[in-house]
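Two complexes follow with chain A in common, the first pairing it with chain B and the second with chain C.
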Partner chain A sequence: MSTSVDFLLWVRGPGFDIALVVFLIGIVIRLLEVLILGRKPDFAEPRGAELGAGLRTLVTRTLPEQGSFRRSPFTVVGGYIWHIGFFISLFLFIPHIELINATIGLSWPGIASNLVDAVAAVTIVTLVAMLFSRMSHPVKRYLSGPEDYLTWLVTILPMITGYLAYHRMIDPYPLALGLHILSVEILMVVFPFTKLMHAFTFFIARWYNGAMAGRRGVQS
Partner chain B sequence: MAEERNPMAKTLGESLRQSGVSRRGFLKFCSATASMMALPPTMVSAVAESLEKAKRPSVIWLSFQECTGCTESLTRSHSPTVENLIFDYVSLDYHHTLQVASGSAAEAAREAAMHDNEGKYLVVVDGSIPLGNPGFSTIAGISNLQMLEETVAGAAAVVAVGSCAAFGGLPHAKPNPTGAVSVSEIVKDKPVVNVSGCPPIPTVITGVLAHFLTFGSLPELDSLGRPMVFFGKSIHDRCYRRPFYDKGLFAETFDDEGARKGWCLFRLGCKGPMTYNACATTKWNQGASWPVESGHGCLGCSEPDFWDTGGFYNALSIPDSDVIRNAAYVVGAGVALGAAAGALNRRKQSKAASKHETVTIDDLDKKS
Partner chain C sequence: MSEATLERGMNAFREQMDAPIASFFSSCVNCGMCAEACLFYTETGDPRYTPINKLEPLRRVWEQEYTLWGKVKSVLGLSQPVTDELLEEWESLIYDGCTLCGRCSMVCPVGNDISYMIRHAREGFVAAGYSPEGMKGASRRAVTIGSPMGVKYPALAAQIKHVEADSGLQIPVDVEGVDYMALLSSMEIMNFPEYLEALARIFKQAGVTWTISSEAFEATNAGIQIGSSDIARELVNRVVVAAEKLKVKYVISPECGHAYTAIRWEGPNLIGRPYSFKVVHILELLDELRASGRLKTEGMDETRLTFHDPCQIVRKGGVLEPPRNLLKMVASEFVDMHDAREMNWCCGGGGGVSANERAEELRLKVFKRKKTQLDELNVETLVTACANCRLVIEEGLEEYRMEIPVVGLTEMLAEHLVEDKSE
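Presenting the complex of A and B:
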């Protein structure tokens, strides 16, 4: 007999193991591929240091650029809101911290569950609004491919299933929790092979932009 | 003694008065029952009136693959209260543990009750039914399955008491050697109420019987066939330790500072978030305490397959596997594969570089 508890046991047992293998192997392979490939040796004499400039762009390229903020304020603000909301929901919700503590032994203080709940609601609404904007704005729509919609879907699913599980809107509860864990596993499997990899590669890109300019002694 | 043979003749009110229960005591019980079933206060008099006039329904209690814990819960925990009296005053015509008769006399009592109250009697079942081999559990040479089908045929309704009868319970735990199933997997054509728990809270059992006596029908049920009034909210939502959960204050062991301060037992495997039952509000032993109050996490005993949820002391959402060890292996494999992929890419790169033909101005001149 297959019950909701069987389902929960599968997703937190073999399902999680499979997702973890794909996620970690995928990320390590993709990062090593980028790093090992390297760049052509630059024989020109450096005119400045890479380190300072690289570190600086790590920060400055994370802040919104004035021009793009003026041109598309919604994309910038919406992007910030849901990214921050996603991180708060993922890393400051106490049961998530408990899970991380139980699996890898790291722990930090969380915030009150009802606060996370409000943040999660804002995040979900923002994500939906972002999709709406992507589909209705002619340029954004032209620039979007199937991968953009796939990554949007696998990102919002853990938020929605988490919200439903927290509010017990799916019955029975083991099914709600199982669906939430499964949605995260789908995100983990899709992650290394899509633009979601930016969560790891954006450090490299932002560092390189600054370091390259620093070496040439130009402003970045 | 004629009344004893015909239990339907006497009303509940008459029976209670005969055994010295005051009107005041009776009304107190009615208001307690009404509030427990979440009925408005205006319903108390209706409950009293219906119960007063209710005829003692015949109840046949069947015990299959069980441990008698459900009967223990029912009979002992609240024995001095009026709940117990109401139970005395349903006509319990057949119950292995409680009846005096044995052997063929006992079976004759069951058959007589079924015959006399055709279509009106209640069947209470505790224990699961083995389908693997009828010989795994028999009573008077009759297999559990046969006895259940035979007895339920003329019943008004069936109450599956305890997690074994409701969901298969402990006998159903993996690998389920007897092929145990719940009552609702066999009884499809009669209303079945699941009063789950290992054991169930006694007042919940009597509450369901009182509802049947008052309204002549069974209470509203949840998706697992359990009465909503008792199983509508999770332990977690009603737990007095919930504020500690929300603040992230957890007991790490059963005797640390957190445990002494009464912090949340989530890390010690409490299944409160997945468990629907009335323990947190009704409590046990006449409201003395309940498992979480006594310092132990909820086992989830009123939920299906609670025995197989991966350990009583493991939190519900935590992966079973050794994540750090697996991650170490996986990262190792990833490094090996990544290095191989990187080496292949570099080879491709250097091959392309070596095949690259340089062109000088002279070469271009020649061609033109």
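Presenting the complex of A and C:
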């Protein structure tokens, strides 16, 4: 079994380091690429303040506008379920918290493993349903290119490999765990170069949207 | 203007790139929800009209030139360049299929201001030579004649004479040192002179000192619509020069949507400095007069009526409360449409679409959205505050055989004015 142990050691050691460096440097570069462009000065006399309106949009866009919810219920509900499920699986699973604690010394309470297990199952099913929606809804199908399917794949892989490892469905266990960690590393490496970056840039986008509308006296 | 080429278009795209646009493209996850906010998609079912898709050329410029990964992909030959063919294909999406109404910008879950990007992307299309003939013609007439509809001052002078004869009031022209300089849209001059008469009557009653400039009376700005900052700047500058020459404190933007965006929000940035005067929308001014008790009306219109919020005045202009405050003065049976105020649906003719003849069929098709809104209400009258919306809605109503008169809010108020009969 030395090969699967070697594999695990590699993904936990050098593999993880490489992924982390790419992830962190990539994100910093991407954020700089956005912010460095700046904005031209606006000489029009403002009707309202930018700051408050921008921060408000940052929060309020988390909820869908009523009409949009009625017209895209699946996208909205599916989006909520899998995002929340993904974050619960990532941050509230006790072994994950222990790993984070061992790495950066931060810790918080987790939830029961069987509950995380159920959440993970729902998340995986929802992600599969989202893929079907992407391939069948006329707008989403039209908009989608290889990147949309690649990001779907690298997002669901950690969920699936985690699920398989937790249920000991891959033998030997070091291989199962190694595959899970590797899938996370793939996600981390792909992250800064794809639309996954929205997890960081949406703060900027929402702020600009709210601020520019707020300047004109509209809460967007 | 120098000759339009792809290279000039690419340079124009690059000049538009800023942090908001980069953050928007970085954040899009192709969820498709903006499509459901756009009447061009909801009424046609054609996914090409998905708002974010209309920006594909600008997105490519951003990805290939403003992201490290995009540059790598370009070097490896993995990215699709922006070509004349692409711009030609996308021209109808970004001009015929977008009114810059900004509804998509209100719903995007990651917060993308899509209409902001479309306004900027049009700069590249114009510079590359891909813009509709109708809009090019309007821009040319605006620059050379002074009005997109080719209206020169003598035509306005003739209307002024008519209005003066009808109302017995004097319309001040080129009067220095008054408080307000009023602008008009060509459509108001040619199709709805009632607006001018309404202004004269209301201002007389309220004691507002005002004038029209014979040198800069046109409020519309074809440059804003086609997306040419050079043209837009030239047109805004005429107003600024006239207002500063007449030493007015305020310039009044008329019942025209994009004129307000042009003179109020884009103008100072086009000329690169703040104005020495303030810009008010006519509804803002009337609401101020109402609040201070200087606008007095009598009688209530008892017909069931609704208000169509012009996108550029309400959602993108921030004039939210004045129209309803004013309507309440004179209409007892006012009802709002299902999606009203900042979520209202466009008439389908904004952003230059109504000046673009080849887009007429599409425009009438997407008017079904407004028809549906009106059908739900069963109203007898529609009030609005934009001459372009008004004309587009009138044509739409005629197409769908709906008999609902369309009225301008300012003239409606003037009809209920308590007038000083002492003279």
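In the analysis below, the second predicted complex is superposed on the first by the 217 of 220 C-alpha atoms of A that agree within 3 Å, B and C clash if a C-alpha of one lies under 4 Å from a C-alpha of the other, contacts with A are read in each partner's own complex, and residues count from 1 in each chain.
What we mean here is this: a residue touches a chain if its C-beta (ideal position, glycine included) is under 8 Å from a C-beta of that chain, and two chains touch if they have at least 3 such contacts.
All of these numbers come straight from a predicted model, not from anything done at the bench.
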First, second, both or neither for A:Leu143, with chain B first and chain C second: second
Partner chain in contact with A:Leu99 - chain B first, chain C second, else both or neither: first
Winner by number of chain A residues touched, once chain B and chain C are compared: C
Touching partner for A:Leu20 - first (chain B), second (chain C), both, neither: first
Partner chain in contact with A:Phe132 - chain B first, chain C second, else both or neither: neither
First, second, both or neither for A:Ala205, with chain B first and chain C second: second
Partner chain(s) touched by A:Asp171 [first = chain B, second = chain C, both, neither]: first
Which superposed partner A:Glu33 touches (first chain B, second chain C, both, neither): both
Touched partner set for A:Arg12, first chain B, second chain C, both or neither: first
Touching both chain C and chain B, counted on chain A across the two superposed complexes: 29-30, 33, 35-37
Residues on chain A engaged by chain C in the complex (per definition of touch): 29-30, 33-45, 47-48, 57-58, 61-62, 64-65, 67-68, 71-72, 75-76, 79, 137-144, 148, 192-193, 195, 197-198, 201-202, 204-210, 212-213, 216-220
Complex interface listing, chain A residues touching chain B: 3-6, 8-9, 12-13, 16-17, 20-21, 24-33, 35-37, 94-95, 97-99, 102-105, 109-110, 112-114, 168, 171-174, 177, 181
Residues of chain C defined as touching chain A within the complex: 17-24, 26-33, 35-37, 41-42, 45, 47-48, 50, 52-53, 66-69, 105-113, 116, 264-269, 272-275, 278-279, 315-320, 339, 342-343
Contacting residues of chain B [partner chain A, same complex]: 222-224, 234, 237, 245-248, 250, 266-267, 273-274, 276, 303-305, 308-310, 315-321, 323-324, 326-327, 330-331, 333-335, 337-339, 341-343, 345-346, 349
